[in-house]
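Multiple structures are listed underneath, in structure tokens.
The following pair of complexes shares a single chain, chain A, combined with chain B in the former and chain C in the latter.
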Partner chain A sequence: MIESVKEEFYKKFGKDTVFSLELTKDDVPKWDSLRYIAFLVSLEKKFDIKFTPESASTMKTIDDILKYIKQNQP
Partner chain B sequence: MTSNLAFLVSGDGVFAKFVYKNNALLNNAHFTLVICEKKNKAFDYFSSIDGVKCVALDYCQNKEKVDEKIIELMNEFEIGYVFTTYDKVLGTSVVDQYKGRIYNLHLSLLPLHPGLNSAQISIESSELFFGASFHELSKEVDQGKILGQVILSKDLTKSYLENRIILIKKAQILFLDMIYKVLFESQYNYGRLPFNPSLSIEIEKIKS
Partner chain C sequence: MLFNSLEFIVFFTLIFLIYWVLNRRLQNIFLLVSSYIFYAWWDYRFLVLIIASSAIDYLCGMIIDKTTVEKRRRFFLITSISLNLALLGIFKYFNFFADSFTLAMKSIGVEVDHTLPGILLPVGISFYTFQSMSYSIDIYQKKLRHNKSIIDFFLYISFFPQLVAGPIERPLAMLKQINSDRILKYEDVINGVAIASLGFFKKMVVADNLGVAVDTIFSNLATVSILESFIGSSLFSLQIYFDFSGYSEVALGIALMLGFNLTVNFKAPYFSKSVFEFWERWHISLSSWFRDYLYFPLAMRYLRSGDSFLNKYKAHIVTMLLMGLWHGAGFNYIIFGIFWSIVIVMSHRFEVFYDKVPGVIRVVFTFLCATFGWFLFRIERTVDIFSISSSTISRWEWYNNGLPVVLFAGVLIIILEYYYWIKKNKNINYLAGLFYVKLLFIIVSAVGCVCFSIPEKTNFIYFQF
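Our next item is the complex of A and B:
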């Protein structure tokens, strides 16, 4: 799972940032809300899940996103 | 009237950034000043651009002081028009000073869903349509004259986030096109209902 998330992360934010579980938006120069939402949508499709508006706004790190996916995968 | 433009932004300034990237389509109207609600992602982005003055406000201060600061900056940079995508309510003094020259982009089909979190509320509602509105800023929140809207049919097979992306992308185009109309077409429209609803900017020329 983590490799798939990493792949989508690099597609959306580029390879300027070293991927890690602790990353937050402040660590990612190319982060903006539109790219972030596009990143989450790509994960929705990949893992057959839906992010709620609340989850999208409260997840702070890559690790938070991974935990959400694990908890909500079919 | 000077065509120096100011943008008041919250969050990452995704709409102001879109206008900046497409400034050539506005006949290079002078993208002069960006005022950020605080030191945020928008501040990081615009403060690194030569020729654009970027200032972060301090809302820990008394609100009147913040409004005074906004007016001081507008005067210093001889701002002609102000465009906002701002989560804070501006004081009467700012709105009065720029009456008829200050505009807001709001992520709902006003008059439905004024106020904060309007995009989420409208996407999650049972309404079949959602969208964005560009309006004159008035003293009452999200109550100014609506000059343009983009109306989208809700695709119920799509997730909340997919609909949100569609909304942001269409609202970016609305924002840019309405700024063009305000700057270059308003003199022909005075007193008539607002603007030609068609895009004035050729869609193929817009950089996403």
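Our next item is the complex of A and C:
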């Protein structure tokens, strides 16, 4: 799962930042609202889940996103 | 009651002294009554509106929380949003739409007898209706449970330090503070005084003095030179920043003296390297409100249906247009929204090139975009854009000898903020820990406010929104 998330992360935010679970918006220069939502939507397709808008505003780190995917996967 | 008035200083001193001898329950009742007095100072009739807005969301929140039937939950969420927007629509936008309708009819030769009463704009309505709505939305999204104490909830909507111009607080963080005991801490009081002093200095010394020059330039746009118009617009960018961030800091400071932590609303916005960054540093409590409650849901919906150009940017465009309208009813606010939409979309499209531009130039570019945006705010009528003189002869009639001193003080503050928010990336209050520096700072601010403030009592710019 981490590998797939990592792949999507690099696709959306570029390879300037080294991927890690602790990364937040402040650590990734290219992390803006549009890319963030595009990142979540691409993960939705990959893992067959749906992020809610409120989850988008409460998740702060990559780890939070991974936890959400684990909890909501079919 | 304006923060920058003697009556407010007396009002707050009395509150501060009485507040800290009461227990939490009485403190909350006392703060609620004080907040209503504060608001009624403008016009007692406004109280009906704030009580109505609070009651709508107290009841809707309660029903949404109690019921498990999704249809019913959704119905009461829509009720809350519709009623709040109706309040805003009637009191903020009615005159604009009535006037526009009359004008449109006139242009096709139909005379409409416009005998509808002019509706007075209640101060702060855009701030507290948004704060109130977020309560019902958060309960609907199950982020929050209904707050049973009606006093505590009504206080959340009307807490006087942030009632009329924000920061727009979220219910989760604010109600938690209202529901907990506050402890009188010497450190908080002195920090609060220091932050409020900075706010007063920004407003009374920097913003108001810049305002004198700005007012002269903007009331003579047809005669001043093009260079002077540009200088006037740039000075207005500084004025609106010092005015609004000054207000926010007074709010933060006095709330801290009462044991509350409010959201930081500005983090050195004029040092942003892109327009995206600018909106993350300017009026943070509003832009994050729009991001969480409007942009995220819309962007998710659009992007799920494909990543075409329109799907990518539709959410940005809708958000910026509504953000423009949030500020007021007028064509200039609509143009403001359109302008920011275009700038944001273009910046994203040309990011590859933009990233190669040196940082200083990106900061200047972002400042110029902001300046044009504020220029649209400042002109009273959209048609005034066409009256700008193209003359190249400057007469500098707006200039006075105090201006360089005020600008110098302003620049010093901006540099301090740059160091604080961007270089150090701190998230705590100013000057924490340095007692003597704080003391000096408070004295300098107080002396500045007494000696260099302008004689006229001025409103805060954001009170009109």
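Everything below uses one rule, namely that the second predicted complex is superposed on the first by the 74 of 74 C-alpha atoms of A that agree within 3 Å, B and C clash if a C-alpha of one lies under 4 Å from a C-alpha of the other, contacts with A are read in each partner's own complex, and residues count from 1 in each chain.
Convention: a contact is a pair of C-beta atoms (placed from the backbone, for glycine too) under 8 Å apart; a residue touches a chain by one contact, two chains touch by 3 or more.
Keep in mind the model is a prediction, meaning the values are calculated, not measured.
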Contacts of A:34 with chain B and chain C, given as first, second, both or neither: both
Touched partner set for A:44, first chain B, second chain C, both or neither: both
First, second, both or neither for A:58, with chain B first and chain C second: second
Overlapping contact positions on chain A, where the chain C interface meets the chain B interface: 32-34, 37-38, 40-41, 44, 51-53, 56
Chain A partner contacts - residues on chain C that touch it in the complex: 141-143, 276, 291-293, 295-297, 299-300, 303-304, 307, 312-313, 315-316, 348, 425
Residues on chain B engaged by chain A in the complex (per definition of touch): 11-12, 14, 17, 41, 120, 123-124, 159-162, 164-165, 168-169
Chain A to chain C touching residues, read off their complex: 26, 32-34, 37-38, 40-41, 44, 51-54, 56-58
Interface residues, chain A side, partner chain B - complex: 25, 31-34, 37-38, 40-41, 44, 50-53, 56
